[in-house]
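Below is the structure I would like to discuss, written out as structure tokens.
Think of it as A, B, C, D, E and F in the order they're written, each chain with its own count starting at 1.
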Amino acid sequence: MLDEIATTPRSDERFKQGCERFMAVTGFPAQAFLDNLKDSSPDFGRYLIEWVFGDVYGRDDLDLKTRELVVIAAGAALGATGIDVLKFHIPNAIRVGATREQVFGALIQVSIVAGIPIALAAITAAGQILSDVNGAVE
Amino acid sequence: MLDEIATTPRSDERFKQGCERFMAVTGFPAQAFLDNLKDSSPDFGRYLIEWVFGDVYGRDDLDLKTRELVVIAAGAALGATGIDVLKFHIPNAIRVGATREQVFGALIQVSIVAGIPIALAAITAAGQILSDVNGAVE
Amino acid sequence: MLDEIATTPRSDERFKQGCERFMAVTGFPAQAFLDNLKDSSPDFGRYLIEWVFGDVYGRDDLDLKTRELVVIAAGAALGATGIDVLKFHIPNAIRVGATREQVFGALIQVSIVAGIPIALAAITAAGQILSDVNGAVE
Amino acid sequence: MLDEIATTPRSDERFKQGCERFMAVTGFPAQAFLDNLKDSSPDFGRYLIEWVFGDVYGRDDLDLKTRELVVIAAGAALGATGIDVLKFHIPNAIRVGATREQVFGALIQVSIVAGIPIALAAITAAGQILSDVNGAVE
Amino acid sequence: MLDEIATTPRSDERFKQGCERFMAVTGFPAQAFLDNLKDSSPDFGRYLIEWVFGDVYGRDDLDLKTRELVVIAAGAALGATGIDVLKFHIPNAIRVGATREQVFGALIQVSIVAGIPIALAAITAAGQILSDVNGAVE
Amino acid sequence: MLDEIATTPRSDERFKQGCERFMAVTGFPAQAFLDNLKDSSPDFGRYLIEWVFGDVYGRDDLDLKTRELVVIAAGAALGATGIDVLKFHIPNAIRVGATREQVFGALIQVSIVAGIPIALAAITAAGQILSDVNGAVE
């Protein structure tokens, strides 16, 4: 039944905007991220750029700083699984105007729902990430 | 910086194919699903149809039966969070040709990685879901 | 060795401030919450008021609205475990000035890290919670 | 390759001992538990009795009371997924000699690693379970 | 009460079949795996071989290829906790006839329930595992 | 509304007792732990000492050995997120009188609720941790 439905057309405009927003948020070209997936699953890289940066980051319901603090909170709550989320989004949060105190404030707020070890690991990781960001800026 | 980038255009073709595949897989019109979200977050409903059924279910790397068993396994591994995944996908699995034995076989296979209580809850839920499916068919 | 250390004194001032902040954030007296635990573990109720509302909500690193959006994001990321977090904190978020759109925006942002079923359950729950809040206000 | 290996023989002695230990720990016949699975996956019920009660509960490294407090702690840490673990094991803990205070003490100890909402839900569930146990005893 | 029940006899036939199936699925002798646990918990190694490979892999409800894709999906859904599951089972999946495309297809299917960061980590790990498998074959 | 409530006073007596109990349980001065957080979030370090060691470890509902086995069980159940909990608490358990067999017994008991891969990772980590503890004692 499904085979009668033609393949979904790639939405090139959406992909292009996703790449532009990726660059605006992270300061790095999306291509570098996509290259990491080119030998495993390039389609997955494309979905991610299109959905996350093409769709979700194009919304106007949250300002960018709140958006980054929110995604840091959700990532931290995932524990070990979310450490890479912190590595990706904490530098973004600083770029779009969050202070170091707000990042730690968000992680302390996470500790009241996700528990001490998750918050401790996130705060320790954030300390390292922020010191790397700082080093890069200087 | 981001506000200079125009809003992502809705990819209507992709949405339309997503709705058709939703119907082909579940036997229900996508509109019924979308209506549940119309007062809360209609955009989220649209993303889901576009990405899950427009993009992922349009892939040809897995046949539909394996695809449904795989998503049942991943959903079961999420524990209480994934019970709704089972309610949605177990009837789909049967529709696309999986047997009752294969569904339980997949959940027993999940038990070796996700543990006894998760598997016990999934198997109990599956028993109920399959008996409802059966009742509906007769 | 530990038995030589006297029992920790209850920090009454901290508890009192926790109760006041609980009322300020939720609109309900802390006593109603504490009464739910009086036959099981009253000490745990006290720890919660003291740490969460005495310590963490007394911090000045995040404004209250961001604090509530952050805790909603972390709670949503916990899946079924966090639904009660949403029931508690979404009405608080509205009370301290978040809009309905910001709450859904935060949950959509969570979807990019915690996945579709977690976000779908959170958005569905939020729709119900917000409609109850609205009903109560009118 | 695997099809040349004959089916694993059922270890009837191990199953029989599992049933006896199930009865000794829970106060209920294993058959009642197995009957719940007879229309879905009776094999899974058998694995559970054999491994959990045939193998693990036959070990002599932990006394039964500690064993039950340990499994309650692990179950509580699973959040919503583990509530059924609490329903099954808290009455067992009381049966094998744990006090009500020790059960709540274990759940408070869990709160320091698994977080406030998980502990709050577990303590609330335990309060109800213990009041049912008490009602049944009187 | 429990001490009147004699110790569960080791089911040597089941263990022997478990070892044979372990070898058939993984290409490595079970003894190498068991040796890793000989100084910590040899009993646990034995339970694992007996239950996972003696019982579950002896079932005929799923063919081996589907069984491996299902366990990869469940393992991937566990996030950081499941990366070792991928390291163990992805080479097995290839051995029993799954293609590289099917492995990535399963992980993309997992992304729709377990979220982007979990799928991204799994796909990245799979790319590395598959390149090691390939290197070993050549 | 909240800004009318003065900042929560630091409960110095509770902090002091927390530090003493930290030393009694772990054998290390709390200051070493606090120093790790001094550049990121010293407040979080203080909350942890006050709540975990000031409040919870001051309770008399569980003896210290059971308390440590319970927290090891809950930590193990968290999977990859909880490995640091094991690194912190397994040496404590040995210090307060648990045997090596009881630690592994607790982890095997965890395997029946949290699954094989979580238990396997915990048992493997425990083997390494216990061999380091042993090396340090000799």
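Everything below uses one rule, namely that a residue touches a chain if its C-beta (ideal position, glycine included) is under 8 Å from a C-beta of that chain, and two chains touch if they have at least 3 such contacts.
Please read all numbers here as calculations on a predicted model, not as lab measurements.
Common neighbours of subunit A and subunit D, listed by label, are B, C, E, F. Counted by C-beta pairs in contact, the busier of B-E and A-E is B-E. When chain centres are defined as mean Cα coordinates, F lies farthest from subunit B.
At the interface between subunit B and subunit D, two copies of one sequence, fewer than half of the residue numbers in use are shared by both copies. Comparing the centres of all chains, each the average of its CA atoms, the largest separation from subunit D belongs to A. Taking the mean of the C-alpha atoms as each chain's centre, subunit E and subunit F sit 31 Å apart. The mean-CA centres of subunit D and subunit E are about 25 angstrom from one another, to the nearest whole unit. The multi-chain contact residues of subunit B, meaning those touching 2 or more other chains, are 43, 47, 51-52, 56, 59, 75, 78-82, 85, 104, 108, 111-114, 116-118. Shown here, the protein chains touch in all possible pairs. Subunit F makes touch with subunit C in their complex at residues 1-2, 5-9, 11, 13-14, 17-18, 20-21, 24-25, 43, 47, 51, 54-59, 64.
Interface residues of subunit B facing subunit C in the complex, by the touch rule stated above, are 36-37, 39-41, 43-44, 47-48, 52, 75, 78-85. Residue ranges on subunit E touching subunit C, taken from their complex, read 111-118. The part of subunit D that touches subunit C in the complex is made up of residues 79-81, 104, 107-108, 111, 116-121, 123-124, 126-127, 130-131. Listed in rising order, the residues of subunit F touching subunit D in the complex are 51-52, 56, 59, 61-62, 66-67, 69-71, 73-78, 82, 85, 101-102, 104-106, 108-114.
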